[in-house]
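Two complexes follow with chain A in common, the first pairing it with chain B and the second with chain C.
Moving on, here comes the complex of A and B:
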């Protein structure tokens, strides 16, 4: 079961947030923004503290806890896609890739969208919901 | 301004299946003897089309109140591209019987080349007015605003001006003088109205 999706811009601002299932605490809009900024900072730190010498680290990819698993996919352009799901859900990597597909189709190809701004597109919402339902969220 | 149509035509020609056009702007459209068609990434064309409308708004002084200028620029751009396109794609066809045949060619062949589908509905009053309806206009498939509905429809109208010019240019080069108007009620549907000048 997929709990929620976050999309964070390359500057650390929250572009998109959606809850799909109950199970996570409800936050205010401001708290979502703080969460995104904090995660952006933590991700930047983790990409620099890899203990393996001379390696280029990818930064935080999976964060596992008792009651949830957080997956992060950072694109080559610096946009981060986060999915928080229950620990038993498999193939979240694939879901993140397909979310990226939907993003590049309905956000990047939408002439009414300004890059790095919050995403306000009905078609994007509809297709994300359809995707998450399809992968059993 | 005249560089842009020359740059756009090769994109359209390369999208047509089995075409051996090069994708560079400066060279001629056919390379005789090459066996494999060189294809252009469709996303490139989509992004170019999106940016084209923005460009016209940016380069028009006082574009808020001067929609006519933006319309004129996009329409004339489409006109030139349309002329070149029909020059290219009617090469191996038999001659057209009458104006209706020309319009049918635009609905079927030209629309398939540019938008990979045909016009869904063609209506005429047999007195020089044709209405072309596309129920799933390719350039509208990704357009969406937060509220959807009327706001998105209003913002999408400038993206129809280039296709208007395309149709008018195509008709003109085939010998039919016309005026083309476009409108849309609900995305992704749109309608083009062609009024043929009386000869």
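Moving on, here comes the complex of A and C:
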């Protein structure tokens, strides 16, 4: 079961947030923004505090909690896709990449979209919901 | 600060050239059970009371700097998780491509953190054991230890260090 999807810009701003299933506490619009910003900062630090010397260190990829798992996929351009799902849900990596496909098709290819700004596209919304339904959200 | 690098040399030598433990095949040999922070906090101040590193030469930033960052990250993530899930004690671990950080918090707010390679399963029981078997035994039950352990005093004691060192090195997945 997939609870929610976040898309965070490379500057740490929340570009998109959608809840698909009940199960997590509801936050206010402002708290979602704070969440995105905080996560962005923590993500940057987690790549710095690696105990092993390896210059190609990614930031946080999976966060495990007792009631959910949070998966983060950072694209080469710095945009972060976050999916919060049930701890038992498998193959979230695939879902994240397909979310990126949908984002590329319906957001980046939209000539009226300003990069880094909140995503307000009906077509994107519809296709994301379809994708999540397909993978058993 | 009570940081120390006890056992660095022996840990590095003992982990190389040993046969794979089996249960965690595929993990790179250089990153098994990499290091171990035992951070404690009182009220709202951050204070590292004990940090043991098995492979101290491999870190990117120095241990004092790192311990502050670890504390900040762990506290932030704990708050994020608690806000989202609505209950306390929700944060278990996070993983990056290089390492996995496991977290355990006691009822009194002591935070135990251990870093391992990314493929290790949850070490919360291990951290709990470190707390109940070693921290309580050698630190809490020490009548001479100061209240609050300023600067890691009290936690920085020989018995605790040796016991934790031995315990972590004897874990089945330590050098697999």
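Keep in mind that, in the parts below, the second predicted complex is superposed on the first by the 135 of 137 C-alpha atoms of A that agree within 3 Å, B and C clash if a C-alpha of one lies under 4 Å from a C-alpha of the other, contacts with A are read in each partner's own complex, and residues count from 1 in each chain.
Here is the rule we use: a residue touches a chain if its C-beta (ideal position, glycine included) is under 8 Å from a C-beta of that chain, and two chains touch if they have at least 3 such contacts.
Quantities reported herein were computed from a predicted structural model and do not represent experimental measurements.
**Q** Looking at A:81, would you say it contacts chain B, chain C, both, or neither? Reply first, second, both or neither.
**A** In the superposed model, A:81 contacts neither chain B nor chain C.
**Q** Among the partners chain B and chain C, which is in contact with a greater number of residues of chain A?
**A** More residues of chain A are touched by C.
**Q** Where does A:122 make contact in the superposed view: on chain B (first), on chain C (second), on both, or on neither?
**A** In the superposed model, A:122 contacts chain B only, not chain C.
**Q** Enumerate the residues of chain A that count as touching chain B in its complex and touching chain C in the other.
**A** In chain A, nothing is touched by chain B and also by chain C.
**Q** Quick check: in the complex, which residue numbers of chain A touch chain C?
**A** Spelled out, the residues of chain A in touch with chain C are 24-25, 27, 31, 35, 38-39, 41-42, 45-54, 56-68, 84.
**Q** Under the touch definition given earlier, write down the residues of chain A that touch chain B in their complex.
**A** Contacts found on chain A: 105-106, 109-112, 120-124.
**Q** Chain A touches which residues of chain B in the complex?
**A** Residue list for chain B touching chain A: 43, 46-47, 50, 53-54, 142-148, 152, 155, 159.
**Q** Could you pull out which chain C residues touch chain A in their complex?
**A** Counting only chain C, the residues touching chain A are 30-31, 34-35, 53, 55, 58-61, 66, 69-70, 72-73, 76-77, 80-81, 83-87, 89-99, 101, 115, 122.
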